[in-house]
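Take a look at this one; I'll ask things after.
Each chain gets a letter, A, B and C, in the order it is written, and its residues are counted from 1.
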Amino acid sequence: MDHRSALERILRAIALTAIVVFFMFPIFWIVLMSLQTNETILRSPPSMSFVPTLKNYAAIISGELDSNAGTMSIHFMNNLLNSILLSVFSVALALLLGVPAAYAFARHKFRGSEDIAFTLLSFRFAPPLLVLLPLTLYFQALGLANTYLGLVWVYQLICLPLILWIVRGYFEDISPDIEHAYRIAGHGWFATFRKIALPLAGPGIAAAGLLAFIFAWNNFVFALVLASADKQPVTVGALAFVTASGIQYGQIAAAIVMSIAPTLLLALWAQRYLVEGLSLGAVKG
Amino acid sequence: MYEKEKDLISTFLDGGMSRRSLIRRLGALGLTAASAGTLHNMMATRALAADFDWKKHSGKSIKLLLNKHPYTDAMIANLDTFKQLTGMDVSYDVFPEDVYFDKVTAALSSGSTEYDAFMTGAYMTWTYGPAGWIVDHNEWLNDPEKTNPHYNWSDMLEGVRKSCAWNGIPGGKLGSDDAKQWCIPWGYEQNNLTYNKAMFDKAGVAVPTNMDELIEAAAKVQAGNDGIYGIGVRGSRSWATIHPGFLSAYANFGEMDLTNDNGKLSAAMNTDGSKAFHAKWVKMIQESGASDWSTHTWYQVGTDLGAGKSGMIFDADILGYFMNGGDNAMAGQLAYAPFAANPDAKGPTPNIWIWSLAMSKFSKDLDATWYFMQWASGPEHALFGARKMDFVDPVRNTVWQDEMFQEKLNKSYPGYVDMYKTSAPGASIKFTPQPLFFDLTTEWAAMLQRMVAKEIPVDEGLDQLADSMNGQLSEAGLR
Amino acid sequence: MSVQADMPVLRRSSRLSRTLLPYLLSLPALLVCIGILIPFVTAIYYSLQRYRMSQPWNRGMNWGENYLNFFTDPGFWNTLKVSLVYAGLTVGIELVLGLAIALLLQRRSRVNNFVSIMLLMPLMTAPALAALMFKLMTNPNFGILSYFMQLLGFHDFRWASSPNTALLTVILVDVWVYTPFIMILLLAGLRSLPTQPFEAAALDGVPRFEQFWRITLPMLSPYILTAALFRLLDSIQQFDIIYAMTQGGPGNRLMVFQVEAYLNFFQSTNVGRSAALLMILWAITYALSNVFVKNWLRLRERAKGGA
């Protein structure tokens, strides 16, 4: 089976190494940086020999940062909590709304179904600011300004289309015959949906949910425009970090590491689902 | 108990006695400095409370929108005094400067009732005022029912006070008789040189006294020291690049941003004088500026100076102040110099930035908010901030005269007071107040970036900038 | 309880459900999104107005003037150019790189699986945070990339601070984050290709290089198109990376649509121009997304038919 030459194998190994280095190096370097003091970071030329310290992480978790204008308190942990709350509730709501809709689109070709489905998907592709900027002027009147509810609603722009389209693909891949058989056995529509369709599409729903969670977590512009300091997630919080006066570089790095760690760990844990979800169900036969 | 002590402290608070003699005399009465401090705070609260019903809005709460800044830290550190004094509650959101003004715009443009007062600069009120988002504070300042008798508005430096007042007419003179007081000055900054003395000595460079010398000094100090660049100035694509050192030097040559012909505004940055000045400024950055100048905000300008990566900065004096303290690598090694770019000028003409406080028109209780405003900008807090925190440069005359404050400056920041005094007479806002301020300055900064990158020759760039500005002024009905 | 007796009821209710149920199921999702249509309509309205928040007295309908002004506005043409160049270059580079990596990883093996998991990491990093990471890495004082450039002899490589390399820097971040996305799509495509044509070609002694051009590429092209369109839609709207890196500078080098619209809104408070810019961007993305969805549906049909 293996008819590759030695040269080819070597070239392949080199290429794979280069790829891994290119894509992993930034993360590796930022982790290294987060374990150093300003002193060792600023050494020239950069060196790998240093005594790792967890001081940066301790400072961020306690929220007390040394800066060149005295100690300042930054509620980074609060940002982290916001990220969790916003992502979890956004995905939960999107699943609640999106899965039944996806089922409807997959099973019932009703009048206008394709148009509605396309409209929903097109939200995914509309420039977010087009919606966000007028929203800043509306949210106040609606009483949604600076509430988790308002943000979770807007986050549906990211989560809902994603879930709708991926889950729809999964439902379409399941033969309706099983459901028909179950219905004929005298079970109601809802029971069929719950007992047959949902479990069969389970992996797809999990993949879509995970992806939606990650996209929600990684979102920047929604919260930048709409969230106040006590509601902002880590993406916006970390930017604030870099520009706040005189913060130690190691602490910035530690903040970035803590912001990306949840999604990276999630990816490691559930990589199979993610890859499936990312292929959009498009390539499943 | 403590009657004699209280009398002494009252005299001190009324300005009848210096702090040193107060402590000496209290010492004679057997009172330690620490308990004197407690007594002082107690008395300060009581003195504030005299003749004015500070408790009128007790039980109410207000919310502030604040920028991450040492002034903010000083205020928060002293906030309990206000709460005790008034019985009011204060909450706040603090944002870093990069996003701060966007947050203010977002809150005000949506008519948000969330924030009652916020930090601002005078320039911003040229947008907020005409947009109808902030109030004319004269209404409260002039009402003895609402403002406590010790507030002493006339104690505020006149130039600074007037710089925060504008009649709303594009091109109108700041501080004119019909002007509205859009914001209340809190702390301010002049733009001067802060330099690294050791580096200057090592390179054998004298403190520059005009633009040509500045260019030369920047190049020399860079050549004479390893791994540093000569001069730090801001360069990001933002209004903030124009207003500090750049505009201070520009104005020193008598150049202007706009001309005002009976209310018709026209761009004025393409005069011969302006072109000559721009050419020098651009050359200075090309030769001796930071390699990543085009991303530098005040934060990087300051950090590099503090870390010993640059020879000097031409920026806010208070930035030089901060970098000379704390745990900066260069703390204690920085020196200050007033700077007049034009050899023929009478003295420095620093453009100034004024961190101010303003009340939102959408606040649900402006009278209660005004209680916070007058406390935060009042003499007691200014003194507290100046003495114990980094509340420089104060906007009140009495604070500058305060012995304890002067002592602190002279001890840890030698030369600072002299620099301040030399440049203060020429200090004011050098911009023309008009609603397109941000369009003008942002485009100006973008053009500076292109000229420094040699994408466009200086002359051509300024002509283009002037054309573009004139077009926008016409479109907005200002020309 | 008699099952027989229930049957007519079930039948009636199921006929009702067949017509109403799908609407009932999709309605909540639609309603949630409809709310978002209202600001969209508002944006159209603003885009037809002379509307600066700092000059409320000047506000009024000027119909198409904001759009007409674009024709003579060099700033607009610059924005259009920068956005298209950015989108074109990022998608182009990511396609070539993503395809190359996918081909390398095509065979299922332990090493290949490990590499593809590693490649997920950048994709899981928030683009705004990725930009901050690269900002630290390109810092002239301690940035590791700046140091590498010095070792290579570029002593004055200024990354995002220089107009000559700013675009390159943000594209580098974009490529770092999004190449894995294209790789994953194409890898899935490659692995789903039928094996018979390749076996036949191998029997005929067709060289592998030619196999790639004559068989792999044509069969993979629907997947390539899907991936390219999907990325193009995102890339032309890029905001996070550029905003976090330079806010559109130096000069106007990185002034893409959404960054410019953001600054117009929040800094110049020129709502009219900001809305008009976004409407143009929306028109571009709407057209692209139509093409994308059509292509995507066709691909799905084919995948199903082939199964």
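In the analysis below, contacts are C-beta pairs under 8 Å (C-beta built on N, C-alpha and C of every residue); 3 or more make two chains touch, one makes a residue touch a chain.
In this text, all values refer to a predicted model and were calculated from it rather than measured experimentally.
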Of all other chains, the one whose Cα centre sits farthest from chain C: B
A-B compared against A-C, more contacting pairs: A-C
Whole-Å separation of chain centres (CA-atom averages), chain B against chain C: 42
Gap in Å, rounded to a whole number, between the CA centres of chain B and chain A: 41
Mean-CA-position distance for chain C and chain A (Å): 15
For chain B, residues contacting two or more additional chains: 102, 106, 109, 307
Residues within chain C bordering two or more other chains: 141, 265
Chain A: positions in contact with at least two other chains: 42, 44, 137-138, 224-225, 236, 239
Chain C to chain B touching residues, read off their complex: 52-56, 58, 69, 139-141, 156, 158-164, 246-252, 263, 265-270
Contact footprint of chain A on chain C as seen in their complex: 3, 6, 10, 14, 17-19, 21-23, 25-26, 28-30, 32-33, 35-36, 38-40, 42-43, 46, 101, 104, 111, 115-130, 132-137, 141-142, 144, 147, 176, 179-181, 184-185, 188-189, 192, 223, 226, 233, 237, 239-240, 243-244, 257-258, 261-262, 265, 271, 274-275, 278-279, 281-282, 285-286, 288-289, 292-293, 296, 299-300, 303-304, 306-307
Residues of chain A that touch chain C when the two form their complex: 12, 15-16, 19-20, 22-24, 26-27, 29-30, 33, 41-46, 97-98, 100-101, 103-105, 107-108, 110, 113, 116, 118-123, 125-135, 137-138, 153-154, 156-157, 160, 164, 169, 172-173, 183, 186, 188-189, 214, 217-221, 224-225, 234-236, 238-239, 242, 249, 252-253, 256, 259-260, 263-264, 266-268, 271, 274-275, 278-285
Residue numbers on chain B that touch chain A, as the complex places them: 68-70, 73, 93-99, 102-103, 106, 109-114, 227, 297, 299, 302-303, 306-307, 322-323, 326-328, 390
Complex interface listing, chain A residues touching chain B: 42, 44, 66-70, 72, 136-141, 145-146, 224-226, 228-230, 236, 239-241, 243-246
